[in-house]
Amino acid sequence: MGVLIACSTVAVLTTIGIVLSLVFESLQFFRMVPVTDFLFGIHWSPQMAIRADQVGASGGFGAIPLLAGTFLISAIALTVSGPVGLYSAIYIAEYASPRFRAVVKPLLEVLAGIPTVVYGFFAALFVAPLLRAGGESIGLAVSSESALAAGLVMGVMTIPFVSSIADDAITAVPNALKEGALGVGATRSEMIRQVVLPAALPGIAGGMLLATSRVIGETMIVVMAAGLTANLTLNPLEAVTTVTVQIVTLLTGDQEFDSAKTLSAFALGLLLFIVTLILNVIALRIVKTYREQYE
Amino acid sequence: MPASAMENTQPKVHILDSAKPAAKMTIEHLTVFYGDKPALHDVNLKIGSNRVTALIGPSGCGKSTFIRCLNRMNDVIPGCRIEGRVKLDDEDVYAPGQDVVNLRTRIGMVFQKPNPFPKSIYDNVAYGPKIHGMCETKEERDAIVLRSLDRAGLLDEVRDRLRAPGTSLSGGQQQRLCIARAIAVEPDVILMDEPCSALDPIATARIEELITELKEHYTIVIVTHSMQQAARLSQKTAYFHLGRLVEEGDTETVFADPQDERTRDYVMGRIG
Amino acid sequence: MSEIAEKKLRMAAIRKKRHRAETRFRLFGMAAVSVGLIFLAVLFAVVLFSGLSAFKQTVIHLDIPVEASGDNYQAMVKLSLRNAFQDVTSRRHKRELYALVSSGAAYQLKDRVQAAPVLRGTMVSIWVTASADVDMAIKGETPRLTDRQLAWVDDLKTKERLKTQFNWRFFTGGDSREPELAGIAVATLGSLFSVFVCLALSFPLGVLTAVYLEEFAPRTRWTDFIEVNINNLAAVPSIVFGLLGLAVFLNAFGLPRSAPLVGGMVLALMTLPTIIITGRAALKAVPPSIREAALAVGASPLQAVFHHVLPLAMPGVLTGTIIGTARALGETAPLLMIGMVAFVVDLPETILSPATALPVQVFLWADSPERGFEERTIAAILILLLFTCLMNLTAVLLRKKYEIRW
């Protein structure tokens, strides 16, 4: 029994490990760069800080452009996966024949099982050039590492995630409610839009929050398809960089552990962890209360 | 149960009194399958206008399946197949061009468990008229909502909280709200599938009272597992047994002098 | 009367509109489903179409005069090329000629000679790997060869001294700077080692935790806390686990960089929540009557769970484990953090030797500008997808087969 209890604490130890390691390294970083500069600075160029003649690192560690880039790509991804995932779930749950469902549902799950590095490769080698060529043909300058390419592919990646959560939420709506709507002569789409979706809304909202947290933390697609240079813009055709991209670039290759450059990755990691944690806690709570409501 | 009795599919029909009203719905040779399993076998029944027809029988006898065939709610169930004919007035309910949406505005339904939408009381009742475009102005809509609530005997209880959620009402009130929702689209027929099975006796009495009033305006078909309720409410009773319509006729006759052995067993409380 | 007729007409018109909206809505649904399916189809089409060619490799047949002594195999290969095309004299043309075969050719010759020293001083007839540019040209890509080189290639082809054969090296070789020499063996072994470590840690830990939480744990604030914790861990970005591995396993514990052991440990922490959550669901699905029956014949609570309940829940537990492992196999980001992104040529011997992993190899090659690497990247993706799809399929089948409705 003691063994069982010990095992169950591993999960807690993991969380403590994450928090401690992130906080510890971040504190070291904030000794070199003030927190406010990090959180509100609009200039990100960590490479400059390793030059010996650079006094301190002020001005080079503003996270705002990274957050903006992360936000931009996440917004594009969710614009794709939100409606597409939701409509897929609706079609599969309410319209598809059992045979169609039996084939298509696992196929969409395959989409969820594809490693993200494959999506990244696809975004960089096929989607980005395609967008670039498409943009050129209508006279638009599209960066070869545009936020759009990364965002679109990330959106496709999260379709099955959104659709499976939406599916759960929709099927949890009691049949009695659906029949009530059909019984007064609603069409199926009216039933879904006016009765099922409002009732399933909390579940779907929770799912979208989880998807958001996932998109924000997604790494490989943006590492491979988004840019490296911080660029404060909301134009989806330009290259932007994200928090995760910077963590990877800062920490791959050789590193000394006392440089602000390396340590800044942990500060970014802490930021990422806090944001996703908040999203997860809210989302899980919403989903849980929603589930209890119909159980 | 003797096998010979099972073979006997022709229901015994009592000779009805001369004041026989016109049939609102006519069901001819209705057979229903769920996948390969037959659920109803060759049912023939006429449902009279402006009266209450009660469908009784032991559970699993097909009475719920039957009532859901009348407004095609069975369409929702995958693998459900229907043979025979169901007519509303002179119109075939299962005709190829039949608009189910329109059909269900003419044949409303009240379900076993009260199922108000998670909307306000007002919106619950206004939902049908709104989607069907029955009212052009807000005044018209208000009028429909108030009239329906009034007819469902709920208006006095909810007049000052029409914006409260429908789910905040008690079970019996919720069921009356569902009745109000059904009559708001001005149907000819109201189908009720065990509308009181989830309610306490007082709420049940209230609904029964309401049903008796409603038959002045509507044709009502009610499935019930309570023979007393069928006896109290209905003018006509049909007894279903194992997917067959065994006996139908005036309620009094069916209960006082059942012709079929199975009906007799059921009304005497020997099966069920 | 006419008012009623008018209203009926109006309602009929509205109904027509509503039916059109219904059709539209349905089409939206179908379109949405198609988006996912089309992407999937395109992805697999691309991977199959451009990845399969990497399993073929162009080789060139050379007759190489091996010196009786001396080990300059590079020079011997060059000499044999000059012998084959004796009209080549200028230095620039010679360089172009040498570029036809891979730099690995000398090693192939060396291996052959060292395995059979009797070959010294004779003419050795050997198929050597062609350079990536030749390989690409043979496979129909726009050639990056000069016209002269193309003429030589044609010449070799007509003399049947050039052919394509199955590319064993892709499966047995480590990484290389030359696309034609690069293989996925290091990455595959690294992945296997990591996944093995991951399973060895996360499966027992996960199952025991699930058993404790579902069967024994009293509902206290502590167990509630553990539960919230696990649910949250399942949604923490994978790269954060990588940061944990870097700070704790590498810097604090001083474990070696680039080692599959560390990779496996990080992956185990990521997989743990999945196994616990699915494990608990599987345990919950076992009806209490089984437990009560075991207890009634005098089994201890521990025995009841481990002898009776857990075996029945095993298919569900395994399904969750396989899905979690498949995800771990495809995971890249945390491995980048702990240095499994490296140029490794030699096969890892233990779980402490430096290695990469399949998805990391994909990432590394995808960055290389050479055309030859693109083909290999896609081939590596093909292998990776094969593994993950097989695992997911197993999970689906397992779930289907043991789907018991209690």
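Some observations on this one:
Every chain is named by a letter (A, B and C) in the order it is written, and numbering of its residues begins at 1.
Here, contacts are C-beta pairs under 8 Å (C-beta built on N, C-alpha and C of every residue); 3 or more make two chains touch, one makes a residue touch a chain.
Computed from a predicted model, the values in this text were never measured in an experiment.
Contacts between chains leave no pair untouched here, as each chain touches all the others.
A comparison of the A-C and A-B interfaces places the larger number of contacting C-beta pairs at A-C. Centroid to centroid, with C-alpha atoms defining each point, chain B and chain C lie 60 Å apart.
Separating the centre of chain A from that of chain C, both taken as means of CA atoms, is a distance of 22 Å. Note: centroid distance chain A to chain B, computed from Cα atoms, is 50 Å.
Annotation for chain B: residues 101-102, 131-132 touch two or more other chains. Multi-chain contact residues of chain A (touching two or more other chains): 187, 190. Touching of two or more other chains is recorded for residues 18-19 of chain C. Note for the complex: chain C touches chain B at residues 7, 10-12, 14-15, 18-19. Within the complex formed with chain A, the residues of chain C that make contact are 18-19, 21-22, 24-26, 28-33, 35-37, 39-40, 43, 46, 204-205, 208-209, 211-213, 216-217, 223, 225-226, 228-233, 235-241, 243-244, 246-248, 251-252, 269, 272-273, 276, 302, 323, 326-327, 329-333, 336-337, 341, 359-360, 362-363, 366-367, 374, 377-378, 381, 384-385, 388-389, 392, 396.
Of all the residues in chain B, the ones that touch chain A in their complex are 71, 73, 76, 78, 101-105, 108-113, 115-119, 127-128, 131-132, 178, 181-182, 184-185. Only residues 99, 101-102, 131-134 of chain B touch chain C when the two sit together in their complex. If you check the complex, the residues on chain A that touch chain B are 97-98, 174, 176-187, 190, 194-195, 198-199.
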